[in-house]
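Report on one structure; see the data block that follows.
Per-chain residue numbering starts at 1, and chain names A, B, C and D are given in the order in which the chains are listed.
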Amino acid sequence: MLRNSICIAASLLGLAASTAALADEAVRIGYAIARTGPFAGGAQVSQEPNYLLWAEQVNAKGGLMVAGKQRKVELIGYDDRSDTETVVRTYEKLMNQDKVDLVLPPWGTGQTFAVATLANKLGYPMIAPTASSKKLTDMKLPFVFTILQQPDQMMNALADMLVAQGVKTVAVVHVDDLFGLENVDALSKALASHNIGLLDKKSYPLGVKDLSPVLKAMKEKNPDAFLGITYPPDTILVSKQAREIGFNPKIFYAAVGTAFPLYKAQLTGNTEGVMGMGSWNAKTGAAAKDYFAAHIAKFQKEPDRWASAHAYASLQILQQAVEKVGLDRARIRDAIAGGEFQTILGPIKFKDGMNASIPGTVSQWQKGEFEVVWPKTRATATLVSPKPAWN
Amino acid sequence: MKDWIKWLPLIAALAAVPWLTNAYMVSLLLTCLMYVALAVSWVMFSGPSRYLSLATTAFFGIGAYCTAWGLGHLPWPLLLLGGALAAAGTAALVGLFVLKLRGSYFAVLTFGLSELALHVINQTERSISGTVGRVLLNPPEQDAIYLAVLALALAAIACCAWLWRGPLGHALRGIGADEDRAATLGVNPLRVKLAGFALAAAFAGAVGAAMAGRWTYIDPHTVFNPLIGFQTVLIVMVGGASRIQGAVIGAVIFSLLSEFLRMRFPYFYLVLLGLLLILSVLYLPNGLIALLPRKKAAAHG
Amino acid sequence: MTFTLFLDLLAAGLITGGIYAIVAIGLNLQYGLMRVMNIAHGEFLMLGAYLTYVLHTTLGLNPLATLPIAMAALFLVGLLVHRLVLRRLVHSSPNIDVFEARGLVASFGLMFVVQNLALMVWGADLRGYTYLAEPLQLGGVIMPHNRLLVFAVVVVLSAGLIAVLRFTLIGKAIRAMMQAPLGAQLVGIDTARLHPWCFGAGLALAGVAGALLSMVYEISPGMGEPYTITALIVITLGGYGSIVGSLAAGLLLGLVETFGMHFTSPSLKMVLSYAVFIGVLMFKPKGLFAK
Amino acid sequence: MTQTHILEVRHLHVDYNGYAVLKDVSLSVTRSSITVLVGLNGAGKSTLLKAVSGLKAWSSGDIVFAGTSIAGEKPAMLVSRGLLQVPEGRHLFPRMTVLENLELGGYLRSARQRREDLERMFHLFPVLRERTDQLGGTMSGGQQQMLAIARALMGSPKLLVLDEPSLGLAPLMVAEMFRMIAAIRDEGVSVLLVEQNVKQALAHADYAYVIDRGCITLEGPGSELAGSDEIHAAYFGTAAH
């Protein structure tokens, strides 16, 4: 806890000291991210720790190779207070006044939206690790890439998995913001195309504190699968409350937050068989395993099994593009758009600004690990169905 | 009345800013001006009448949604006017009910209204378009937004000065001092309050309509951010509510200071900002304007 | 609607409402009594939650046993805040309205300070532990033990507080201060000496509420804000200074939300509660229980 | 002097926002007497009372109660010394019962003293005994005034200060009120009465003062002042004879 923040502070000081000596040589990379406000929880689990880890690792190896010369990385990170106007203003500062060499994206779909047109206009390439929205990808901004799987990918994979498990009926709850609505939209289409019956669909607002009446009504309808398009606190809430009322369908899926280490801690001994949004773990490959270990060593906590790895991979891609073409941002953009990159998630290529290499995935808690179980090509374990009873 | 002439060079300099500096300086000043406009619009009504309103968020959000809905169909300057009218209309309508309550009841009620507006728009958007946010495809240029907000801030200041000098201002002050007594002196309190409340709302609505253009993507939680209303009140309290200068100075200092602290101390600037707020209320209880010489007040007697 | 479902919703509504009530009663002790609109109330709740979390996860203390600790700790914090900030404001403010406005600014400052200090110490991650999560089945109604415990503590505490205010001389003196501050002074009640105790008691209740919430929900530095807002609404609905009013309004709001969500949609939860709030104030401008 | 006078105000000056509200005011209240202070609205009566009850500081002069200065003392302290006030507007506890209001009147006294005093009050004001469970705020004006006086008497005053007790009462009630005040004096409590109801007040006064624009302009035994021309000129617009 305290050690954690001291660690961050110390590493920043270290960074400042090391860059002081090399001030004219350092590659300056700026970003704003939520350290306070409602987005801080997600941003500080899945995104900013990876920025810090990557910069430390690059500098430990001597720096970023730019045009044949090793240069240290200097991160310039500000708090955006989870506020839209602040995030826009900060990127204007970074790009116009500080004239940083590169920028990294802020947290989440809304904030990425707010700075995407700006980055595009000023020609700063940006690979967003936590933006998931058709509306954003539909804008087709040449300098903006998304590396996280988009709603239709994740939901199609989910529907395919349901078909394979012989699921005939489902009940859905979803958060009523952009993320929830886009996903549930994609999900409804996929379910309809596979003739899966939607027995019940309920939306709820951010910050909900009790969903047991909703879950009880769903239990009465006895669906084969429960699907929650939920955020971390609600993911834990629906899991705990489903267990309390003994609602245990064949498939139990809750979206964001199942991949967090917190989920395992909160549902002590009750995670077995729960599915959710996840796309990697330490078994995904040797590089993923190293990353996992390095993350624990630096922050004394595990990375989450979904967006953390995407965030780190986005930095690897940026690094490889820079090492290939130098710091000319238009050329970096072209390199990202046209190349293939080795990352902890495996090779990644982009098509239309979207990650074309990593399909939508489904993960499942099995014996204390969040295993990728769908599609089979990316699976780290075999899917277990039906879900065992809650303890 | 003539002393506004001496401000002309400053106004001209502010208007020239987009051509003189970079986009960051413009957006920093834009933030200042946005809060100047909001704070002056707030103090215009709430200063003399002492009705502590937290409805600024609602008016700002309503204005922003005018831009979100209308951009691409109507020219942008017209949308600013639309935002102003929509906010003023809302204020006049809800004012009929909420302006009957005083003190903290009014404050909490106006806060509730802002939240209600958020959730009503959220529900409306969901049932009409099936989604919540809106993408602004051809937003206005930043410089245009800056000049629009500058104009709104100046208009708010001029309007406030005009209002406070005229009969409506006197009536509002009378209501603030003793509403029942004001009523016996021939003032129709409800009508006066409605007029003041709606006029103030118009500026907040227009500012919302202008600012929306900056964010590409508009959703209810962004534009109905309760922080906007709270921060406006804080600014006026820190600056001092008895004079227009208080709102202006409060807005400029608060915006610049929080930006400076955020850049300089990225990990604990909010702790510093909180401490400064506490210290300011302990040691500068009458606001920053207490530091200004009071020659104007003397001129007015 | 079956009878079981009705009981289910009733229980869920009362538990939610009970939590609202205990947070609101703490705020009402501060506002009803000395007109401190403490926007940082939820931050002190958050401190109570983290205190329980830390004591439970590092020392293995039973969360129930931490309730008195959270209460005492936050009470002391309350005395300190009163001593450092509010006492000075009371002396420097010419009248109660000015004091209220300044108190609001100061409590905003407190909110920034407390919330962000917590953020620096514990980080923004959600945290939590599991305690008494086993469900209890009673005639078709299923509730986890921890929620029932929360409700029981809320009932005991608020009943105790109401009894103290109703039957003891000091409690009557506190009510007297709320109803007629000048009258209270003129019968010899030393208001300046009672204020810090009441402010401390308000924070102590926030601390207990936070400790209780940590048994049921995940905690984070920003967790308090929504509760401050709900508490503001509840005390306005129940009437400033009326503890019984806060209890009743809290429970009412919980029931309205739960039944409303069931019969319409959970998404309408906020619309419903604000509509009820605004509707009630339109017809009963001094709160539900004003006479 | 101090033996015979329970309260002495000596050359008191009070400023408010730089404006002199009281100028060199001196008066004294003899033990077990009714002393009346009359004056028009804004003459400085209520400022004087605030100063006497510890709610307003003064710039020069002194107020001596039972032989000691009260400078800098808080209201609660004065109550414990036996100086009680029934303010204008009464400031009862409106949502508390008659019984609770009376109990709080004896806030600084022991439980036994409170019980005994309560009996005394019920004897003195039988109407309160019938209404012990009624809320203070729901009683009639006259009853509220009784309750306010009884509440102050619960504090066992040596000096009872009454501010406009007859304000807003029906004429019959006013007569009853003054009878009551005389009874209180007869029990040994000194009374300082501030009144606009000049005729009644002077009729019951042992001694009286007239205050005008912050200065004491006239003083004398109540019966004497009641017949004076100045009083008639100031308050009734006619001469006495």
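Just so we're on the same page, contacts are C-beta pairs under 8 Å (C-beta built on N, C-alpha and C of every residue); 3 or more make two chains touch, one makes a residue touch a chain.
No experiment lies behind these values; they were computed from the predicted model shown.
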| item | value |
| --- | --- |
| Starting at chain B, fewest touch steps before arriving at chain D | 2 |
| Winner on C-beta contact pairs when B-C is weighed against C-D | B-C |
| Most centrally placed chain - per-chain CA mean versus overall CA mean | C |
| Furthest chain, CA centroid comparison against chain B | D |
| Rounded Å distance, chain B centre to chain C centre (Cα mean) | 31 |
| Centroid distance [mean C-alpha coordinates] between chain D and chain A, Å | 75 |
| Centre-of-Cα separation between chain D and chain C, whole angstrom | 42 |
| Separation of chain A from chain B, taking each centre as the mean of its C-alpha atoms, in whole Å | 37 |
| Shared-contact residues (touching 2 or more other chains) in chain A | 5, 35-36, 176, 203, 205 |
| Residue list for chain C, restricted to those that touch at least two other chains | 115-116, 120, 267, 270 |
| Interchain contacts (touch definition) - all pairs | A-B, A-C, B-C, C-D |
| Chain A to chain C touching residues, read off their complex | 1-2, 4-5, 34-38, 40-41, 43-45, 173, 176, 202-205, 207-214, 216-217, 232-233, 236-237, 240, 243-246, 260, 262, 265-268, 301 |
| In the complex with chain B, residue positions of chain C that touch it | 31, 37, 39, 85, 88-89, 92-93, 97-98, 100-102, 104-106, 108-117, 120, 229, 232-233, 236, 240, 267-268, 270-271, 274-275, 277-278, 281-282, 285-286 |
| In the complex with chain A, residue positions of chain C that touch it | 5, 8-9, 12, 15-16, 115-116, 119-130, 133, 135, 142-144, 217-218, 220-222, 226, 258, 261-262, 265-267, 269-270 |
| Chain A-touching residues of chain B, taken from the complex the two chains share | 22-28, 30-31, 34, 119, 122, 126, 130-133, 135, 139, 211, 214-217, 219, 221-222, 225, 227, 259, 262-263, 266-267, 269-270 |
| Residues of chain A defined as touching chain B within the complex | 5, 8-9, 35-36, 77-79, 81, 83-86, 88-89, 92-93, 95-97, 110, 113-114, 116-117, 135, 139, 176-178, 181-182, 185, 203, 205-206 |
